[in-house]
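Heads up, there are several structures right after this.
Each of the next two complexes has subunit A plus one other chain: subunit B in the first, subunit C in the second.
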Partner chain A sequence: MEIKSPKQGSAISGLPLSRVKIIMKSSPDVDHISPDALQAMSKATEMFVSYLSMKAHDHANKRSIEYKNLADVVNNDDVFGFLQEVIPHKITVREYWKLRNSQQRSEDESSDDQGSGDG
Partner chain B sequence: MAEKPEDLNLPTSVITRIIKEALPDGVIMSKESRAAISKAASVFVLYCTSCANNFAMQQKRKTLKDVDVYAALEDMEFENFIPLLKEQVENFKREQKGKKVASEKRKKAKEANANSPTDGSPNKPETDVEMKSIDEVDTSAHDSIVIDD
Partner chain C sequence: MEGNTFPNDFLISDERDVEDNSEQRLTTEQSKSPFREQDIYLPIANIARIMKNAVPANGKIAKDAKECVQECVSEFISFITSEASERCAQEKRKTINGEDVLFAMATLGFDPYIEPLKIYLQKYRDTLKAEKGGEVYQDTPQHLSDADLVDHFSQNNFAEMLVTTEQVDPAFSGQTSLEGSIQFQ
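Then we have the complex of A and B:
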(Lines of atoms letter the chains of each structure in order from A and count residues from 1; the text may use other names and numbers.)
(Lines give C-alpha, C1' and ligand atoms only; values in the text may rest on other atoms or scores of the structure.)
Protein backbone atom coordinates (compact mmCIF):
# COMPACT_ATOMS: atom_id res chain seq x y z
CA MET A 1 0.00 0.00 0.00
CA GLU A 2 1.23 3.43 -0.90
CA ILE A 3 1.88 5.72 2.01
CA LYS A 4 0.83 9.26 1.53
CA SER A 5 2.29 12.10 3.40
CA PRO A 6 1.44 15.76 3.42
CA LYS A 7 2.76 17.52 0.38
CA GLN A 8 6.28 18.65 0.83
CA GLY A 9 6.88 22.31 1.29
CA SER A 10 3.19 22.96 1.53
CA ALA A 11 2.02 25.86 3.57
CA ILE A 12 -0.09 23.62 5.76
CA SER A 13 1.84 22.73 8.85
CA GLY A 14 1.98 19.29 10.34
CA LEU A 15 1.57 18.21 13.91
CA PRO A 16 2.74 20.74 16.47
CA LEU A 17 6.29 19.80 17.38
CA SER A 18 5.93 21.16 20.90
CA ARG A 19 3.05 18.80 21.55
CA VAL A 20 4.89 15.83 20.08
CA LYS A 21 7.84 16.70 22.27
CA ILE A 22 5.69 16.80 25.41
CA ILE A 23 4.36 13.35 24.62
CA MET A 24 7.85 12.02 23.96
CA LYS A 25 9.18 13.50 27.18
CA SER A 26 6.37 11.96 29.16
CA SER A 27 8.06 8.66 28.49
CA PRO A 28 10.41 7.76 31.35
CA ASP A 29 14.20 7.84 30.80
CA VAL A 30 13.98 10.21 27.87
CA ASP A 31 16.35 13.11 28.50
CA HIS A 32 17.24 14.89 25.31
CA ILE A 33 15.63 14.77 21.93
CA SER A 34 17.49 16.02 18.90
CA PRO A 35 15.57 18.25 16.47
CA ASP A 36 16.02 15.59 13.77
CA ALA A 37 14.46 12.95 15.99
CA LEU A 38 11.55 15.23 16.82
CA GLN A 39 10.97 15.96 13.16
CA ALA A 40 11.21 12.27 12.30
CA MET A 41 8.75 11.32 15.00
CA SER A 42 6.28 13.98 13.96
CA LYS A 43 6.41 12.93 10.31
CA ALA A 44 6.23 9.25 11.24
CA THR A 45 3.11 9.95 13.27
CA GLU A 46 1.51 11.71 10.32
CA MET A 47 2.28 8.69 8.15
CA PHE A 48 0.89 6.42 10.81
CA VAL A 49 -2.39 8.33 10.91
CA SER A 50 -2.64 8.15 7.11
CA TYR A 51 -1.81 4.47 7.10
CA LEU A 52 -4.33 3.57 9.79
CA SER A 53 -7.03 5.59 8.02
CA MET A 54 -6.38 3.84 4.72
CA LYS A 55 -6.41 0.43 6.38
CA ALA A 56 -9.73 1.25 8.04
CA HIS A 57 -11.06 2.33 4.68
CA ASP A 58 -10.16 -1.08 3.23
CA HIS A 59 -12.30 -2.71 5.90
CA ALA A 60 -15.18 -0.27 5.49
CA ASN A 61 -17.82 0.25 2.87
CA LYS A 62 -17.10 2.79 0.20
CA ARG A 63 -18.62 5.93 1.67
CA SER A 64 -18.09 6.01 5.39
CA ILE A 65 -15.78 4.60 8.03
CA GLU A 66 -17.16 3.62 11.40
CA TYR A 67 -15.44 2.79 14.66
CA LYS A 68 -16.10 -0.89 14.08
CA ASN A 69 -13.93 -0.88 10.95
CA LEU A 70 -11.11 0.65 12.91
CA ALA A 71 -11.43 -1.91 15.69
CA ASP A 72 -11.40 -4.66 13.05
CA VAL A 73 -8.12 -3.37 11.60
CA VAL A 74 -6.47 -2.99 14.99
CA ASN A 75 -7.54 -6.41 16.22
CA ASN A 76 -6.75 -8.31 13.01
CA ASP A 77 -3.40 -6.82 12.07
CA ASP A 78 -0.40 -7.68 14.23
CA VAL A 79 1.33 -4.43 13.34
CA PHE A 80 -1.33 -2.59 15.32
CA GLY A 81 -1.11 -4.95 18.27
CA PHE A 82 0.01 -2.16 20.60
CA LEU A 83 -3.35 -0.44 20.03
CA GLN A 84 -5.55 -3.31 21.12
CA GLU A 85 -6.29 -1.69 24.44
CA VAL A 86 -6.73 1.75 22.92
CA ILE A 87 -9.17 0.73 20.20
CA PRO A 88 -10.94 -2.40 21.43
CA HIS A 89 -14.06 -3.91 19.92
CA LYS A 90 -17.21 -2.51 21.44
CA ILE A 91 -19.17 -4.85 23.68
CA THR A 92 -22.71 -4.72 24.93
CA VAL A 93 -23.56 -3.90 28.53
CA ARG A 94 -24.70 -7.49 28.98
CA GLU A 95 -21.30 -8.75 27.85
CA TYR A 96 -19.60 -6.22 30.09
CA TRP A 97 -21.44 -7.43 33.18
CA LYS A 98 -20.67 -10.99 32.31
CA LEU A 99 -16.98 -10.13 31.97
CA ARG A 100 -17.02 -8.12 35.16
CA ASN A 101 -18.74 -10.81 37.16
CA SER A 102 -16.30 -13.44 36.02
CA GLN A 103 -13.38 -11.14 36.85
CA GLN A 104 -14.81 -10.37 40.26
CA ARG A 105 -15.30 -14.05 40.97
CA SER A 106 -11.68 -14.81 40.19
CA GLU A 107 -10.60 -11.83 42.33
CA ASP A 108 -12.74 -13.07 45.21
CA GLU A 109 -11.17 -16.46 44.93
CA SER A 110 -7.67 -15.06 45.01
CA SER A 111 -8.48 -12.79 47.99
CA ASP A 112 -10.01 -15.79 49.76
CA ASP A 113 -6.76 -17.59 49.29
CA GLN A 114 -4.87 -14.65 50.76
CA GLY A 115 -7.31 -14.39 53.66
CA SER A 116 -6.84 -18.03 54.60
CA GLY A 117 -3.09 -17.53 54.35
CA ASP A 118 -3.21 -14.62 56.78
CA GLY A 119 -5.49 -16.40 59.27
CA MET B 1 7.23 16.57 34.15
CA ALA B 2 4.06 18.31 35.17
CA GLU B 3 2.09 18.13 31.98
CA LYS B 4 -1.68 18.22 31.96
CA PRO B 5 -3.44 15.13 30.69
CA GLU B 6 -4.88 17.01 27.73
CA ASP B 7 -1.36 17.99 26.67
CA LEU B 8 -0.83 14.38 25.67
CA ASN B 9 -3.48 14.61 22.98
CA LEU B 10 -2.74 15.79 19.51
CA PRO B 11 -4.91 18.56 18.05
CA THR B 12 -8.05 17.18 16.44
CA SER B 13 -7.97 19.68 13.60
CA VAL B 14 -4.58 18.50 12.36
CA ILE B 15 -5.49 14.83 12.75
CA THR B 16 -8.73 15.38 10.84
CA ARG B 17 -6.85 17.07 8.03
CA ILE B 18 -4.33 14.24 7.74
CA ILE B 19 -7.14 11.68 7.66
CA LYS B 20 -8.98 13.66 5.01
CA GLU B 21 -5.88 13.82 2.84
CA ALA B 22 -5.32 10.08 3.18
CA LEU B 23 -8.82 9.07 2.12
CA PRO B 24 -10.35 9.39 -1.33
CA ASP B 25 -12.69 12.31 -1.85
CA GLY B 26 -16.19 11.82 -0.54
CA VAL B 27 -15.30 9.22 2.06
CA ILE B 28 -16.23 10.32 5.55
CA MET B 29 -15.02 9.03 8.88
CA SER B 30 -17.19 9.09 11.97
CA LYS B 31 -16.27 11.46 14.75
CA GLU B 32 -15.76 8.54 17.07
CA SER B 33 -13.23 6.96 14.72
CA ARG B 34 -11.37 10.22 14.40
CA ALA B 35 -11.11 10.52 18.17
CA ALA B 36 -9.86 6.94 18.34
CA ILE B 37 -7.22 7.60 15.67
CA SER B 38 -6.09 10.71 17.51
CA LYS B 39 -5.62 8.69 20.66
CA ALA B 40 -3.87 5.97 18.70
CA ALA B 41 -1.46 8.57 17.31
CA SER B 42 -0.52 9.65 20.83
CA VAL B 43 0.06 6.05 21.82
CA PHE B 44 2.10 5.55 18.67
CA VAL B 45 4.40 8.44 19.65
CA LEU B 46 4.83 7.02 23.14
CA TYR B 47 5.49 3.49 21.94
CA CYS B 48 7.87 4.60 19.23
CA THR B 49 9.72 6.89 21.66
CA SER B 50 10.13 4.08 24.11
CA CYS B 51 11.52 1.77 21.41
CA ALA B 52 13.80 4.51 20.08
CA ASN B 53 15.05 5.27 23.55
CA ASN B 54 16.02 1.64 24.00
CA PHE B 55 18.22 1.92 20.94
CA ALA B 56 19.77 5.14 22.19
CA MET B 57 20.53 3.53 25.54
CA GLN B 58 22.06 0.52 23.81
CA GLN B 59 24.45 2.93 22.08
CA LYS B 60 25.04 4.65 25.43
CA ARG B 61 23.69 7.91 24.13
CA LYS B 62 21.57 10.28 26.15
CA THR B 63 20.11 12.12 23.20
CA LEU B 64 17.49 10.60 20.99
CA LYS B 65 18.49 10.82 17.33
CA ASP B 66 16.67 10.29 14.07
CA VAL B 67 18.48 6.97 13.56
CA ASP B 68 16.85 5.72 16.76
CA VAL B 69 13.45 6.59 15.35
CA TYR B 70 14.21 4.60 12.17
CA ALA B 71 15.39 1.66 14.24
CA ALA B 72 12.24 1.84 16.35
CA LEU B 73 10.02 1.90 13.28
CA GLU B 74 11.79 -1.14 11.93
CA ASP B 75 11.28 -2.87 15.24
CA MET B 76 7.58 -1.99 15.21
CA GLU B 77 7.26 -3.39 11.66
CA PHE B 78 6.53 -0.02 10.16
CA GLU B 79 9.63 -0.25 8.01
CA ASN B 80 7.62 0.81 4.95
CA PHE B 81 7.59 4.32 6.42
CA ILE B 82 11.34 4.61 6.57
CA PRO B 83 12.39 5.55 3.01
CA LEU B 84 9.95 8.44 2.71
CA LEU B 85 10.62 9.51 6.26
CA LYS B 86 14.38 9.62 5.70
CA GLU B 87 13.85 11.75 2.65
CA GLN B 88 11.73 14.23 4.59
CA VAL B 89 14.13 14.39 7.50
CA GLU B 90 17.05 14.98 5.13
CA ASN B 91 15.12 17.89 3.65
CA PHE B 92 14.55 19.21 7.13
CA LYS B 93 18.24 18.88 7.98
CA ARG B 94 19.21 20.77 4.86
CA GLU B 95 16.80 23.53 5.76
CA GLN B 96 18.20 23.74 9.27
CA LYS B 97 21.71 23.87 7.90
CA GLY B 98 20.76 26.74 5.64
CA LYS B 99 19.35 28.60 8.60
CA LYS B 100 22.47 27.94 10.60
CA VAL B 101 24.69 29.30 7.87
CA ALA B 102 22.51 32.39 7.65
CA SER B 103 22.64 32.95 11.38
CA GLU B 104 26.42 32.54 11.42
CA LYS B 105 26.70 35.09 8.68
CA ARG B 106 24.55 37.39 10.73
CA LYS B 107 26.70 36.88 13.76
CA LYS B 108 29.84 37.67 11.83
CA ALA B 109 28.27 40.79 10.45
CA LYS B 110 27.30 41.75 13.94
CA GLU B 111 30.80 41.23 15.22
CA ALA B 112 32.23 43.29 12.43
CA ASN B 113 29.78 46.09 13.03
CA ALA B 114 29.80 46.30 16.78
CA ASN B 115 33.12 45.85 18.50
CA SER B 116 31.51 45.57 21.89
CA PRO B 117 33.01 42.92 24.18
CA THR B 118 29.58 41.85 25.44
CA ASP B 119 28.82 39.79 22.38
CA GLY B 120 27.61 36.25 22.32
CA SER B 121 24.07 36.56 23.60
CA PRO B 122 21.95 36.37 20.48
CA ASN B 123 18.77 37.44 22.23
CA LYS B 124 20.24 40.69 23.38
CA PRO B 125 18.66 43.59 21.55
CA GLU B 126 21.23 45.56 19.64
CA THR B 127 19.69 48.57 18.06
CA ASP B 128 22.42 49.61 15.67
CA VAL B 129 22.69 46.23 13.92
CA GLU B 130 19.02 45.43 14.05
CA MET B 131 18.23 46.61 10.55
CA LYS B 132 20.99 44.55 9.05
CA SER B 133 20.16 41.37 10.92
CA ILE B 134 16.51 41.58 9.97
CA ASP B 135 17.51 41.88 6.33
CA GLU B 136 19.61 38.78 6.52
CA VAL B 137 17.10 36.73 8.45
CA ASP B 138 14.52 37.62 5.88
CA THR B 139 16.14 35.62 3.09
CA SER B 140 16.15 32.39 5.06
CA ALA B 141 12.77 32.95 6.61
CA HIS B 142 11.07 33.08 3.23
CA ASP B 143 11.69 29.38 2.71
CA SER B 144 9.86 28.25 5.79
CA ILE B 145 7.14 30.81 6.37
CA VAL B 146 4.50 30.67 3.74
CA ILE B 147 1.24 32.39 4.30
CA ASP B 148 -1.72 30.16 3.73
CA ASP B 149 -5.01 31.55 2.50
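Then we have the complex of A and C:
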Protein backbone atom coordinates (compact mmCIF):
# COMPACT_ATOMS: atom_id res chain seq x y z
CA MET A 1 0.00 0.00 0.00
CA GLU A 2 1.61 3.10 -1.23
CA ILE A 3 -0.05 6.08 0.31
CA LYS A 4 2.85 8.22 1.26
CA SER A 5 2.51 10.35 4.30
CA PRO A 6 2.64 13.69 2.65
CA LYS A 7 3.84 16.98 3.87
CA GLN A 8 0.89 19.10 4.56
CA GLY A 9 -0.85 20.17 1.40
CA SER A 10 1.63 18.74 -1.02
CA ALA A 11 -0.35 15.75 -2.20
CA ILE A 12 -0.66 16.08 -5.91
CA SER A 13 1.61 18.89 -6.84
CA GLY A 14 5.04 19.31 -5.38
CA LEU A 15 4.23 22.61 -3.75
CA PRO A 16 2.51 23.35 -0.45
CA LEU A 17 -1.04 24.26 -1.36
CA SER A 18 -1.58 26.25 1.78
CA ARG A 19 1.24 28.57 0.87
CA VAL A 20 0.06 28.91 -2.72
CA LYS A 21 -3.31 29.85 -1.32
CA ILE A 22 -1.85 32.55 0.89
CA ILE A 23 -0.12 34.14 -2.06
CA MET A 24 -3.30 33.98 -4.11
CA LYS A 25 -5.26 35.57 -1.30
CA SER A 26 -2.83 38.44 -1.11
CA SER A 27 -4.30 39.74 -4.37
CA PRO A 28 -6.98 42.36 -3.93
CA ASP A 29 -10.61 41.30 -4.06
CA VAL A 30 -9.97 37.62 -3.80
CA ASP A 31 -12.70 36.01 -1.80
CA HIS A 32 -12.77 32.28 -2.15
CA ILE A 33 -10.65 29.91 -4.12
CA SER A 34 -11.97 26.58 -5.28
CA PRO A 35 -9.84 23.47 -4.84
CA ASP A 36 -9.67 23.22 -8.62
CA ALA A 37 -8.29 26.70 -8.89
CA LEU A 38 -5.71 25.96 -6.24
CA GLN A 39 -4.60 22.77 -7.95
CA ALA A 40 -4.46 24.47 -11.33
CA MET A 41 -2.42 27.33 -9.98
CA SER A 42 -0.06 25.06 -8.17
CA LYS A 43 0.55 22.89 -11.18
CA ALA A 44 0.90 25.91 -13.43
CA THR A 45 3.48 27.27 -11.04
CA GLU A 46 5.54 24.11 -11.30
CA MET A 47 5.36 24.31 -15.05
CA PHE A 48 6.39 27.91 -14.92
CA VAL A 49 9.43 27.16 -12.77
CA SER A 50 10.44 24.32 -15.05
CA TYR A 51 10.10 26.42 -18.16
CA LEU A 52 12.00 29.36 -16.73
CA SER A 53 14.76 27.04 -15.55
CA MET A 54 15.04 25.31 -18.89
CA LYS A 55 15.34 28.60 -20.69
CA ALA A 56 17.85 29.95 -18.21
CA HIS A 57 19.88 26.80 -18.60
CA ASP A 58 20.04 27.44 -22.33
CA HIS A 59 21.50 30.84 -21.63
CA ALA A 60 23.92 29.50 -19.08
CA ASN A 61 26.08 27.64 -21.61
CA LYS A 62 26.69 24.62 -19.44
CA ARG A 63 27.69 26.64 -16.43
CA SER A 64 25.52 26.99 -13.39
CA ILE A 65 22.33 28.94 -13.75
CA GLU A 66 22.82 32.41 -12.41
CA TYR A 67 20.76 35.49 -11.80
CA LYS A 68 21.88 37.03 -15.06
CA ASN A 69 20.62 34.04 -17.05
CA LEU A 70 17.21 34.56 -15.57
CA ALA A 71 17.40 38.27 -16.33
CA ASP A 72 18.28 37.45 -19.92
CA VAL A 73 15.34 35.13 -20.35
CA VAL A 74 12.90 37.53 -18.83
CA ASN A 75 14.07 40.52 -20.79
CA ASN A 76 13.95 38.65 -24.08
CA ASP A 77 10.57 37.04 -23.86
CA ASP A 78 7.35 39.02 -23.96
CA VAL A 79 5.44 36.50 -21.95
CA PHE A 80 7.72 37.26 -19.03
CA GLY A 81 7.14 40.98 -19.29
CA PHE A 82 5.56 41.07 -15.87
CA LEU A 83 8.89 39.96 -14.42
CA GLN A 84 11.01 42.65 -15.92
CA GLU A 85 10.89 44.73 -12.81
CA VAL A 86 11.47 41.73 -10.60
CA ILE A 87 14.60 40.69 -12.44
CA PRO A 88 16.15 43.73 -13.99
CA HIS A 89 19.57 43.36 -15.46
CA LYS A 90 22.17 44.26 -12.92
CA ILE A 91 24.82 46.81 -13.66
CA THR A 92 28.09 47.49 -11.94
CA VAL A 93 28.55 50.55 -9.78
CA ARG A 94 30.88 51.98 -12.40
CA GLU A 95 28.27 51.63 -15.08
CA TYR A 96 25.74 53.24 -12.79
CA TRP A 97 27.88 56.31 -12.27
CA LYS A 98 28.55 56.58 -15.99
CA LEU A 99 24.85 56.46 -16.63
CA ARG A 100 24.09 58.96 -13.97
CA ASN A 101 26.75 61.33 -15.13
CA SER A 102 25.56 61.26 -18.69
CA GLN A 103 22.00 61.85 -17.56
CA GLN A 104 23.17 64.74 -15.44
CA ARG A 105 25.01 66.19 -18.40
CA SER A 106 21.98 66.06 -20.65
CA GLU A 107 19.85 67.66 -17.96
CA ASP A 108 22.37 70.44 -17.59
CA GLU A 109 22.43 70.95 -21.33
CA SER A 110 18.70 71.19 -21.64
CA SER A 111 18.38 73.69 -18.80
CA ASP A 112 21.07 75.81 -20.42
CA ASP A 113 19.10 75.80 -23.64
CA GLN A 114 16.00 76.98 -21.86
CA GLY A 115 17.97 79.83 -20.37
CA SER A 116 16.06 79.33 -17.18
CA GLY A 117 16.04 82.26 -14.84
CA ASP A 118 15.59 80.11 -11.83
CA GLY A 119 19.24 79.81 -11.19
CA MET B 1 -8.29 45.51 5.90
CA GLU B 2 -10.37 42.63 4.73
CA GLY B 3 -8.89 40.35 2.21
CA ASN B 4 -5.46 41.31 3.41
CA THR B 5 -5.17 39.80 6.81
CA PHE B 6 -3.10 36.74 7.45
CA PRO B 7 -3.32 34.31 10.26
CA ASN B 8 -0.72 35.28 12.78
CA ASP B 9 1.13 32.04 12.67
CA PHE B 10 2.27 32.87 9.17
CA LEU B 11 3.73 36.13 10.31
CA ILE B 12 6.30 34.50 12.48
CA SER B 13 9.51 36.16 11.50
CA ASP B 14 12.38 33.89 12.08
CA GLU B 15 14.99 36.21 13.40
CA ARG B 16 17.78 33.69 13.50
CA ASP B 17 19.83 33.29 10.45
CA VAL B 18 17.64 34.95 7.91
CA GLU B 19 20.53 35.21 5.45
CA ASP B 20 21.24 31.56 5.05
CA ASN B 21 17.95 30.18 5.97
CA SER B 22 16.04 31.02 2.89
CA GLU B 23 13.32 28.59 3.78
CA GLN B 24 12.30 31.13 6.33
CA ARG B 25 11.71 33.78 3.74
CA LEU B 26 8.13 34.29 4.57
CA THR B 27 8.51 37.86 5.70
CA THR B 28 10.87 40.60 4.71
CA GLU B 29 14.47 39.92 5.38
CA GLN B 30 14.64 42.23 8.32
CA SER B 31 11.99 41.19 10.74
CA LYS B 32 11.79 44.73 11.94
CA SER B 33 10.27 45.93 8.69
CA PRO B 34 6.55 45.76 8.37
CA PHE B 35 5.28 42.60 6.81
CA ARG B 36 4.72 42.98 3.09
CA GLU B 37 2.35 40.78 1.17
CA GLN B 38 4.67 40.43 -1.75
CA ASP B 39 7.28 38.83 0.44
CA ILE B 40 5.40 35.59 0.78
CA TYR B 41 7.34 32.90 -0.98
CA LEU B 42 7.08 29.23 -1.66
CA PRO B 43 9.73 27.20 0.13
CA ILE B 44 13.05 27.38 -1.62
CA ALA B 45 13.62 23.65 -1.28
CA ASN B 46 10.54 22.86 -3.36
CA ILE B 47 11.49 25.42 -5.95
CA ALA B 48 15.06 24.22 -6.11
CA ARG B 49 13.87 20.68 -6.65
CA ILE B 50 11.65 21.63 -9.56
CA MET B 51 14.45 23.67 -11.09
CA LYS B 52 16.91 20.83 -10.73
CA ASN B 53 14.56 18.43 -12.38
CA ALA B 54 14.16 20.75 -15.33
CA VAL B 55 17.83 20.84 -16.23
CA PRO B 56 20.27 18.07 -17.11
CA ALA B 57 21.53 16.05 -14.19
CA ASN B 58 24.81 17.81 -13.71
CA GLY B 59 23.30 21.27 -13.94
CA LYS B 60 23.98 23.58 -11.06
CA ILE B 61 21.96 26.50 -9.86
CA ALA B 62 23.34 29.48 -8.01
CA LYS B 63 21.68 30.33 -4.75
CA ASP B 64 20.70 33.80 -5.83
CA ALA B 65 19.09 32.29 -8.91
CA LYS B 66 16.92 30.09 -6.72
CA GLU B 67 15.92 33.05 -4.60
CA CYS B 68 15.19 35.00 -7.71
CA VAL B 69 12.88 32.28 -8.99
CA GLN B 70 11.17 32.25 -5.61
CA GLU B 71 10.28 35.89 -6.12
CA CYS B 72 9.22 35.31 -9.69
CA VAL B 73 6.93 32.55 -8.55
CA SER B 74 5.10 34.77 -6.12
CA GLU B 75 4.83 37.38 -8.80
CA PHE B 76 3.50 34.81 -11.25
CA ILE B 77 0.86 33.58 -8.85
CA SER B 78 -0.28 37.11 -8.07
CA PHE B 79 -0.30 38.02 -11.73
CA ILE B 80 -2.52 35.11 -12.73
CA THR B 81 -4.71 35.44 -9.67
CA SER B 82 -5.45 39.11 -10.30
CA GLU B 83 -6.59 38.34 -13.79
CA ALA B 84 -8.65 35.37 -12.67
CA SER B 85 -10.19 37.40 -9.90
CA GLU B 86 -11.20 40.13 -12.33
CA ARG B 87 -13.00 37.69 -14.51
CA CYS B 88 -14.71 36.26 -11.48
CA ALA B 89 -15.82 39.69 -10.37
CA GLN B 90 -17.12 40.53 -13.82
CA GLU B 91 -19.33 37.50 -13.69
CA LYS B 92 -20.40 38.42 -10.18
CA ARG B 93 -19.04 35.30 -8.63
CA LYS B 94 -17.18 35.11 -5.36
CA THR B 95 -15.20 31.95 -5.86
CA ILE B 96 -12.32 31.71 -8.26
CA ASN B 97 -12.56 28.37 -9.99
CA GLY B 98 -10.31 26.33 -12.22
CA GLU B 99 -11.76 27.81 -15.39
CA ASP B 100 -10.94 31.32 -14.20
CA VAL B 101 -7.34 30.32 -13.71
CA LEU B 102 -7.15 28.72 -17.14
CA PHE B 103 -8.79 31.69 -18.74
CA ALA B 104 -6.34 34.03 -17.05
CA MET B 105 -3.44 31.99 -18.32
CA ALA B 106 -4.73 32.18 -21.85
CA THR B 107 -5.25 35.92 -21.59
CA LEU B 108 -1.77 36.48 -20.25
CA GLY B 109 0.03 34.50 -22.91
CA PHE B 110 0.48 31.15 -21.22
CA ASP B 111 -1.53 29.23 -23.78
CA PRO B 112 0.72 26.17 -23.93
CA TYR B 113 -0.10 25.48 -20.31
CA ILE B 114 -3.83 25.24 -20.86
CA GLU B 115 -4.26 21.81 -22.38
CA PRO B 116 -1.95 20.03 -19.97
CA LEU B 117 -3.64 21.77 -17.07
CA LYS B 118 -7.05 20.70 -18.31
CA ILE B 119 -5.89 17.13 -18.43
CA TYR B 120 -4.39 17.44 -15.00
CA LEU B 121 -7.56 18.93 -13.56
CA GLN B 122 -9.69 16.25 -15.11
CA LYS B 123 -7.59 13.58 -13.53
CA TYR B 124 -7.70 15.37 -10.23
CA ARG B 125 -11.47 15.49 -10.37
CA ASP B 126 -11.64 11.84 -11.34
CA THR B 127 -9.48 10.98 -8.41
CA LEU B 128 -11.74 12.84 -6.05
CA LYS B 129 -14.78 11.12 -7.48
CA ALA B 130 -13.14 7.80 -6.99
CA GLU B 131 -12.18 8.71 -3.48
CA LYS B 132 -15.70 9.72 -2.68
CA GLY B 133 -16.90 6.47 -4.13
CA GLY B 134 -14.88 4.67 -1.52
CA GLU B 135 -12.25 3.11 -3.72
CA VAL B 136 -9.08 2.36 -1.97
CA TYR B 137 -5.78 2.63 -3.72
CA GLN B 138 -3.82 -0.54 -3.51
CA ASP B 139 -1.00 0.50 -5.69
CA THR B 140 0.56 3.66 -6.93
CA PRO B 141 -2.26 5.39 -8.76
CA GLN B 142 -1.02 5.21 -12.28
CA HIS B 143 -3.76 7.24 -13.78
CA LEU B 144 -2.39 10.41 -12.39
CA SER B 145 1.10 9.69 -13.49
CA ASP B 146 2.77 12.30 -15.55
CA ALA B 147 3.22 10.01 -18.51
CA ASP B 148 0.12 11.23 -20.27
CA LEU B 149 0.94 14.80 -19.54
CA VAL B 150 4.45 14.25 -20.81
CA ASP B 151 3.16 12.97 -24.13
CA HIS B 152 1.00 15.95 -24.49
CA PHE B 153 3.77 18.28 -23.61
CA SER B 154 6.39 16.81 -25.82
CA GLN B 155 5.31 18.86 -28.74
CA ASN B 156 6.00 21.93 -26.67
CA ASN B 157 9.22 20.65 -25.22
CA PHE B 158 7.66 20.43 -21.85
CA ALA B 159 8.33 16.73 -21.68
CA GLU B 160 11.33 16.87 -19.44
CA MET B 161 9.72 19.42 -17.23
CA LEU B 162 7.09 17.27 -15.71
CA VAL B 163 8.82 15.23 -13.16
CA THR B 164 6.60 15.36 -10.19
CA THR B 165 5.68 11.90 -9.15
CA GLU B 166 3.64 12.84 -6.15
CA GLN B 167 0.86 10.42 -5.69
CA VAL B 168 -2.70 11.44 -5.68
CA ASP B 169 -4.10 11.54 -2.26
CA PRO B 170 -6.81 14.14 -2.03
CA ALA B 171 -7.38 13.41 1.61
CA PHE B 172 -4.15 15.19 2.23
CA SER B 173 -4.59 17.98 -0.19
CA GLY B 174 -4.90 20.46 2.61
CA GLN B 175 -8.56 20.89 2.03
CA THR B 176 -10.45 19.55 4.97
CA SER B 177 -13.73 19.53 3.21
CA LEU B 178 -15.03 19.74 -0.26
CA GLU B 179 -17.31 22.61 0.33
CA GLY B 180 -16.67 25.61 -1.84
CA SER B 181 -16.56 22.71 -4.09
CA ILE B 182 -15.24 21.59 -7.31
CA GLN B 183 -17.30 22.83 -10.13
CA PHE B 184 -17.58 20.42 -12.95
CA GLN B 185 -18.02 22.37 -16.09
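Assume the second predicted complex is superposed on the first by the 79 of 119 C-alpha atoms of A that agree within 3 Å, B and C clash if a C-alpha of one lies under 4 Å from a C-alpha of the other, contacts with A are read in each partner's own complex, and residues count from 1 in each chain.
Please note the rule applied: a residue touches a chain if its C-beta (ideal position, glycine included) is under 8 Å from a C-beta of that chain, and two chains touch if they have at least 3 such contacts.
Note that the structure is predicted; figures quoted are calculated from it, not measured.
Participant: Which holds for A:17: it touches subunit B only (first), subunit C only (second), both, or neither?
Facilitator: In the superposition, A:17 contacts subunit C only.
Participant: Which residues form the common part of the subunit A surface touched by subunit B and by subunit C?
Facilitator: Residues 1, 3-4, 6, 8, 11-16, 19-20, 22-27, 29-37, 39-41, 43-54, 56-57, 63-67, 69-70, 74, 78-79, 82-83, 86-87, which sit in both footprints.
Participant: Give every residue of subunit A touching subunit B within the complex, in rising order.
Facilitator: So the residues of subunit A touching subunit B come out as 1, 3-6, 8, 11-16, 19-20, 22-27, 29-37, 39-41, 43-54, 56-57, 62-67, 69-70, 74, 78-79, 82-83, 86-87.
Participant: State the interface residues of subunit C toward subunit A in the complex, per the touch definition above.
Facilitator: Touch list, subunit C to subunit A: 3-4, 6, 10, 37-38, 40, 42-43, 46-47, 49-51, 53-56, 59-62, 64-65, 68-69, 71-82, 84-85, 89, 94-98, 100-102, 105, 108-110, 113, 116-117, 120-121, 124-125, 137-140, 144, 157-158, 160-164, 166-175, 178, 180-183.
Participant: Under the definition above, what is the set of subunit B residues touching subunit A in their complex?
Facilitator: 1, 3, 7-8, 10-11, 14-15, 17-19, 21-24, 26-30, 32-33, 36-37, 39-50, 52-53, 57, 62-66, 68-70, 73, 76-78, 80-81, 84-85, 88-89, 91-93, 96, 146-148
Participant: Please give the residue numbers of subunit A that touch subunit C in the complex, ascending.
Facilitator: Interface residues on subunit A, with respect to subunit C: 1-4, 6, 8-41, 43-54, 56-57, 60, 63-67, 69-70, 74, 78-79, 82-83, 86-87.
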